[in-house]
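One chain, chain A, appears in both complexes that follow, with chain B as partner in the first and chain C in the second.
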Partner chain A sequence: MDVFLQQVTNGLVLGGAYVLVTLGLFMVFTTLHLPNFAHGEMFALGAYLQYAFVVTLGIPFWIAMVLSVVVVGLIGWGLELAMFRRLQNASILAVLVGSLALAMILQELIALQWGQDPLAVPLPFSGVTEIGPVRIANYRLLIIGVVVAVSVLLGWLVYRARFGRSLRALAQNREMAQLSGLNVKQIGTITFVLGAAVAGLAGALLAPTTNLNPHMGFHPTLVAFVILVVAGGGGRMATIVIGGFTVAILETLAAGYIDNMARSMVVFVALVAFLALRPEGAFRVASAEKVQL
Partner chain B sequence: MTQSTSHAPKHSAPEVRSGADTVPSTGIWRDKFGLRLWVRLVIAALVVVATISLSGGLNSHDTYLYGTLAAWALIASSLNLVVGYAGQLNLSSGAFLALGAYIGVLGTGRYDWPGWKSLLIAGLIALAFSLLLGLVIFRARGLHFALITAGISIIGYNVALLWKEKTGGAAGISSAGPIEEGGIARPFVLGPIELSQEVHYLRAMVVVLVVMLLATSVLVRRKLGLSWQATRDDEVLAASVGVRVARSKRTAFAASSVLISLVGVLYGHWLGFITPGSFDFATAAFEPLAMVIIGGAGTLLGPMVGALVVVGFPELFNGLKDYSTLVYAALLLLVVMVAPKGVVGVVESTWRRVRRGKRPSEQEKETER
Partner chain C sequence: MRKLRWAAAALALGMLTAACGGGGDEVAEDGVIKIAAIYPMTGPASVWGTTTVAAMQQMAEDVNAEGGVTVDGEDYTIQIDVFDDEQNPEVAQSVAREALDDGYHFIMGPFGSGTATATQSLMAQSDAYWQLMVATVEGPTKNPNVFRSGARVSVYTQSTLDWLERHPEIKRIAMITDQMHTGLVSEEDALVAGIEALGREVVLQQSHQLGDTDFRAPITEMLSKDVDLYMTRAYPAETVLITQQVRELGGEMLIQWNGGLTNAEVDELIGDETVMENVTQAGPLGSLDSFIAAENPIALAFAEKVGDKAGSFTVNAHDGMVIFFQGLEKADELSVDGLIKALNELQVSDIEGKTLATYAPHEGGLVYQDREVNIEGAVTIWEKGTGWVLAD
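Here is the complex of A and B:
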């Protein structure tokens, strides 16, 4: 039982990455209807920039984190202007293939810059907290706290703030939103940059807890899409948060009890089973093609 | 990709509806558009003769290079059936390629099966899997379909890693049989044909490729192939003229998956030694898709052009080797953004424009017909 609880706790840390990546993708996908397969690369970039700032340049950890998030946001802005804006009216297949290609390009660029070998970022502080039978590093505890805080902040932004209202208007009907005087281009850009920055934050935050490798962003992307599919039309942001943590816990348990390599299969076996048992979750066009905020 | 890539749909609608009335049904000789069948047969024969007579003089590096090209052209052409003609963004090719390759290598290396048996078993298992999966995966479309098929490839890769007693795990297996017997790669034996040297594989793959392309060229002019293209161009319209959309998607998926597995048997033997690394998502699922789309989805030559671009360029320009993935991914992005019909589409439309410039009336007549 103790081992089980420990596994669940470890899963929560990994879940933090999934939650942040998925929340960003959720916002981009629902408002702009862009299935961006390169979204996870923002996560990878966040982690690698954190490495560059902390290890290579020796900047203090927390300042480096702010820098990483800002730089990833700027990269997201550049990509939105150069590529995704042009793909706005393209077919969904074109966006899929194009963003997959972009993901490969970013992975290759990361590999060229930092090499294929795994890299590590040192923890900013050490120390372990014991909660009942579970031991958790303070930094990991902080990750879970930050993830929950950022989720709440994003939830407030989307469902309570004025910006969120225009965002949801855009998600529901782009033409009507434009006719009512919203600057849809600007809102789209802000959403995209915000999504990228949140993924970058996840990368920078998680960097000290994992090995960095150029392909580290791909699996979170797939997980994020699976969560979006399963959340379906009725999905709100709370569903995404719960989904992210659930997937991560399942993966950690599979790694602990079956085989470490079984971890990346779990989510797809679950997806195939889900579509076989509950096709309505992803079947109806209204919920399948676009998720509503 | 979703738009019609040729003038095929114009013909598909009447043909599916009333068959014999509008287009004289002449069985396999039905070749009302494109090159006549005898022209295609002559080209095929020329290619085969040229390959067999010229391949003997190649040095080992060139033989390997052309072998690689032929192997990937085969894989991409098989994938083209479901991606190009039926319009389904299928990323599951990695799993089926791995299935075929592992069965082939195990069959020859461990169980001493004759080549035919490996091919038969790989084909049957792939058929069973693709039919079963076909029941589930076509509940999803667009993004969800791409996602679920990507999942299949990733599951395949992980099974290859985890099922150590059969696949050898990350260390891989070879067709060479037990080490005690010397570990010399065993030939792939198909009745009287025995493939042992690199150049044999090259010839075999070119012959298979030619046969596959001929069969595809016939198939896409017949009812089944036309129903795939109708499904790709407009599902609702296709269903309304009596095409069984779900069935045509499933047949395309099954045909493509079985072919990829059979190619996998050959590919595994050609490699001789396989590890799960040869079948990861980027190599075995994304690369063939990139080939199909760069070359031109839904065209016969497209996948071959794509294979040439993706595999050939880095070999031709040696300095590019480290950047090969970067280069083809960038090309793919470029194609998606500026030329959705791929290289073949660009060439075709340029050619058409040139011809229209010369003889406008002739061109008009031909499209009318």
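Here is the complex of A and C:
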């Protein structure tokens, strides 16, 4: 085993989770300008629904995953209609507090339904693949594949499809988009549902690799916000994918070569240092107020 | 001057009220001895709290069904009232105060080392009797009213060292310790010194935090050191993830847990038994599993009663209640002082054949010395198709 290459591979595996969570948050944040702190709870809900479908109801893993994604998407729809649409014109502080409160409510609801004890979802298949000097579980290899596929699909949707043009128009200037005849509410709803569904997919997909607990969405969401901040207002989707993997590799190398307890600290030290040098993020945005998808 | 007189009068009245208040002085009411059980009933540690309390309640039901405990010729029934500390030190302090204010004279718990440490000053200030059944941390039992019926944290260390002594083939050892686990952290230096005294090498000491889910980086580092034994000194959820990830990364070495997982928990959290090959568990025997595997009649009968409410510390609860009941029955009077005196004089022969764990006698055949029992731990190994059995 080559230790360094194995650690980088470990980072890629961890990065898959970060990228999936960040992609959903990125779409909602850049299009609707909503810093949704309850995004991690969509991730947690995806994992818990996967548990409910697979373990409690005995539904086959892959069908359960589709169901989990659809249900989380529907929950996202409900939240957008009931709460986030109303916060569209509210202050950033109101959105932050509102979404944090929502996160806590969802955590408590999850705890009420499934309890606080750690739960586990069985792997749909096992086995390990050796690629040269590194080992990677087949299921984790699949996760990386899904991350790449979802990233490509979302990239196509945003930058190539017609819907993406509307999305980018909304991201650049909501008022102008509205004046030019776009159904802003509908685009906002679809974006929110899509963001929640991607987080749900992340939760359902990663459920067999971790223990489920009601607070499991907190850390990935925190990392997702770090990636968003580092990417800056002008960051494109590819930046998010690269950023997710970079943060995870950095974290893993810190854990492997400095101290396991230093892993989060190194990421946040790097964030502070980065922001001190480049407060506007990696990619500047042309407009002072608007972001570019 | 008149204001001063009023203030003095108010102060005197307040002091009088405080002296009269603060809970009832009756140790038992209407023939019922009320026990406050401070355990985590919600939160991440609730799986232990609920199962431990279930076993305590089963013991109370059993003794009540037989007419209760007899103290100084009077029969009393037992009532257990649960206070949820969420395994949170601040909450533990708060509910402990509540229990004292409510007039409880007998308090079981808190459950964890951190919560027990947090309530230590309240223990010292109170006149109540406290009994630690699971918490392993050193300190609380320095108070004359705090007794521990479970193992001290050194039992985890000693179990491992005794087992290592029988296994000279294990030469290179690595360990990862949860920095939130007060008891295990406090024992790390003693463990390392003990291992080195046996002529073995501790090649790596790693740390992690409660709630971590990705351990591949420290595991990869550990795998590069070619170790014979990897000790995961962690709570159950992290223990399981570490074990799965070690196997996933190709680690086939012996793994030793301190997590205290039961057969049912392993089945639920791991499922795949191939992961459990070469997995051992060191420490006091808190779950019924290894006793059931050894066909211990007390364990078999008690397992039938508690059913699926059995957990990692069911043995601690069972034996702790046996000791408490024996102490009460030996007491000259129903009072905290009476119980403390009786426990200080309790003989191992008084509880022999009634407890699941083996209590080695202190000098003079006593169960307690300095309010600590002499309980032995063991190492169990996972046997495919059976679960935890005593290791060689």
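Everything below uses one rule, namely that the second predicted complex is superposed on the first by the 276 of 293 C-alpha atoms of A that agree within 3 Å, B and C clash if a C-alpha of one lies under 4 Å from a C-alpha of the other, contacts with A are read in each partner's own complex, and residues count from 1 in each chain.
Going forward, a contact is a pair of C-beta atoms (placed from the backbone, for glycine too) under 8 Å apart; a residue touches a chain by one contact, two chains touch by 3 or more.
The structure presented is a predicted model; accordingly, all values stated were derived computationally and were not measured.
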In the overlay, answer first, second, both or neither for which of chain B and chain C A:104 touches. first
Of the partners chain B and chain C, which touch A:210 in the superposed model: first, second, both, neither? second
Give one of first, second, both or neither to describe whether A:59 is in contact with chain B, with chain C, with both, or with none. neither
By the touch definition at the top of the document, which applies to A:182: first (chain B), second (chain C), both, or neither? neither
Mind working out whether A:261 is in touch with chain B, chain C, both or neither, as first, second, both or neither? both
Between chain B and chain C, whom does A:144 touch in the aligned arrangement: first, second, both, or neither? neither
Does the superposition put A:35 against chain B (first), chain C (second), both, or neither? first
Residue by residue on chain A, keep only those touching chain B in one complex and chain C in the other, then list them. 259, 261
What residues on chain B touch chain A, complex-wise? 1-2, 89, 136-137, 139-144, 146-148, 150-152, 154-155, 158-159, 161-162, 281-282, 286, 289-290, 293, 322-323, 325-326, 329-330, 332-333, 336-337, 340
Which of the residues in chain A come into contact with chain B in the complex? 35, 83, 86-87, 90-94, 96-98, 100-102, 104-105, 108-109, 112, 218, 222, 225-226, 229, 259, 261-262, 264-265, 267-269, 271-272, 275-276, 279, 282-283, 288-289
For chain C, which residues are in contact with chain A within the complex? 42-44, 46-47, 176, 179, 206-209, 211-218, 220-221, 223-224, 236-237, 240-241, 248-250, 268-272
Using the touch definition from the top, list the residues of chain A that touch chain C in their complex. 1, 3, 6-7, 10, 13-14, 111, 115-120, 122-123, 126, 128, 135, 137, 140, 210-211, 213, 215-216, 252-253, 255-256, 259-261, 263
